[in-house]
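Two complexes, one shared chain (chain A), two partners (chain B, chain C).
On to the complex of A and B.
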């Protein structure tokens, strides 16, 4: 009698306890990707706000710090892999290393200036979705002209840390636009042709 | 009873781990090709459009920006948008989007009156923000496939479905009939032209930057068009 009611109690308690544990666990996880994006953006903004790093004469010092801060948040290896899509598999290890180097160099060249152009637009953190080792953090930037620009960060978990592998601006995925261009170039010329173009773009004025 | 408990836990586990991100995102090899069987023809038109834009479009847009203050340009845009509301409303309704239809109708009524004939977007401040809608999107909602990518002369990136939609929108627009009944087609063309110049003037820097950063400008624009349209058809639901 006692035994059976114990089982009954246990049968009710265990799922309830499990529910709270899960709830707690999901609450801990929820927000963790957002926090990381927030911290990452803050670390970059702190460099931009730092009076000791302002101005053209401080450009190389500032860029070194920016590169480091950006490198900690963004997974250029994954970005390269995704933008090459199926092509990635057919590349040798050396080719992949070379590609990641070229691609991250190009990213820096194209976007670091835009990051530096940031002044004090408001960044709002809207929502995050986590699915196993993947997450998306939705943000909105409000410009001075009261325009809202949605910027979503796509992240994946690498060695216990969320890292960005794609940025989606107003519904346009950065990686997707590169993937389409890479595919088109490879189709028309070759992988080597793509590498040549990448190098020219990265090193060109 | 115990089995029931296990089941509850299992269901909850499933519920918590339910996939919320699209599968494509997780798959690093995910790749899709935008249908573009007329690519070489499209590229020719694309180059022609860039030539026209360099020669006329961009200089015109720059002059427009330099001559008119921002407030005036905003009013011009608001005015044209307001006149096009019937088309947006018709497509909202055709897509069964009641709330968006209500937004469009409220905007039209408020802006036409309080907004002095549409010059001022008063409705925006009341919480009714603008959205565009066209018959191409309606066709998509009805399940019509996108069809091949098309670059139209002057009008730019489109698709078989988009171009068809554009043509049908002209028929949905009361202005088409008002203009032709009063021999006022010239005003209609003038309005379209102004709208195009205004649009271009708002994208001077963006387009310059895209061009500069691109590896293959044609496929970059094609990709942006494709993603933008997908997002518009979902009414931004995937990204909000």
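On to the complex of A and C.
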């Protein structure tokens, strides 16, 4: 009698306990993409705030550190693949390696200056969505003039770590913008023409 | 010709007329009864303002489908896209809501990605771009200049 009621109790309790454990686990998983974006941004901001790295004479040292911190968060390989779209398939391994290098160079050229212009704007982390191996983290930057700029980071899981493959600023996707530009350049000239343009951008203006 | 024969011919004529009218109204209404040769996928947008059911879905300017349904899920809009079977979308395709001309209708532009994995019928496009709010951008641009 006592034994059977014990079993009944266990039969009720175990699924409930399991449910809460699962709920807890999903909550832990829910915050992890945001945490990682937050940590990544903090590590970049720490470099910018570091007094030992301020000023023009420290520029090369600062940029090396920035490049490393950004490279840990952003998946330049995936970004290159996505922005080249169909062209990526017809490229050889060497060409792909070269393109990833050129693409990261382009990103650096275009955005490091802007990142360095950062001056204590407030970053708010709004919402995150996880769907299998993909996640999106919505953030809002409030500028000094109280303008709100929405920036969404799109991430995917690579070897147990979330890495950014697209940045959507005010609803405009970075990857889609480059995908269209690259496509129209390739259509007008050729893939080699695109590589030439990217190389020229990297080496000087 | 007998009375019955004439009545039969008139009957056939009336029925074919009704069938033709039915076909015409389905065609004009853009209703797709059978959905043959088509498949559905979904895409989630932060906003779809101005996009209507029935709006066209284009790739490189060519119509490849239509918007089947728009529903609200939480704060986002979930759009069902009905595409022609001949269209194979890779997993990293991007769906953007764009405007025809400056003040024209909204439509969905798909840009094909490079992944080997395809989006299956019933699947979803993860990467989307909401419509660009031109007035807001102009506002930001104007007020952004005040300094």
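Just so we're on the same page, the second predicted complex is superposed on the first by the 186 of 205 C-alpha atoms of A that agree within 3 Å, B and C clash if a C-alpha of one lies under 4 Å from a C-alpha of the other, contacts with A are read in each partner's own complex, and residues count from 1 in each chain.
Keep this in mind: a residue touches a chain if its C-beta (ideal position, glycine included) is under 8 Å from a C-beta of that chain, and two chains touch if they have at least 3 such contacts.
All of these numbers come straight from a predicted model, not from anything done at the bench.
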item: When chain B and chain C are modelled together on chain A, clash or fit; value: clash
item: Which of chain B and chain C A:59 touches, first, second, both or neither; value: neither
item: Contacts of A:185 with chain B and chain C, given as first, second, both or neither; value: first
item: First (chain B), second (chain C), both or neither touched by A:131; value: both
item: Touched chain A residues, chain B compared with chain C; value: B
item: First, second, both or neither for A:141, with chain B first and chain C second; value: neither
item: Chain B versus chain C as contact partner of A:100, first or second or both or neither; value: neither
item: Touching partner for A:154 - first (chain B), second (chain C), both, neither; value: both
item: Touching partner for A:173 - first (chain B), second (chain C), both, neither; value: both
item: Chain B region in steric overlap with chain C, selected from 19-27, 37-45 or 181-189; value: 19-27
item: Contact residues of chain A, present in both the chain B and the chain C interface; value: 81-82, 85-86, 88-89, 131, 134, 154, 166, 168, 170-173, 176, 179-180
item: Contact footprint of chain C on chain A as seen in their complex; value: 81-82, 84-89, 131, 134, 145, 147, 154, 166, 168, 170-173, 175-176, 179-180
item: Chain B to chain A touching residues, read off their complex; value: 1-2, 4-5, 8-9, 12-13, 16-17, 19-21, 25-26, 28-31, 33-34, 209, 213-216, 218-220, 222-224, 226-228, 230-231, 236, 238-240
item: Residues of chain C touching chain A in the complex; value: 46, 90, 92, 94, 96, 111-116, 126-127, 129-133, 137, 140, 143-144, 147
item: Contacting residues of chain A [partner chain B, same complex]; value: 7-8, 10-12, 14-15, 18-19, 22, 26, 78, 81-82, 85-86, 88-89, 110, 114, 126, 129-132, 134-136, 138, 150, 152, 154, 166, 168, 170-173, 176-185, 194, 197-198, 201
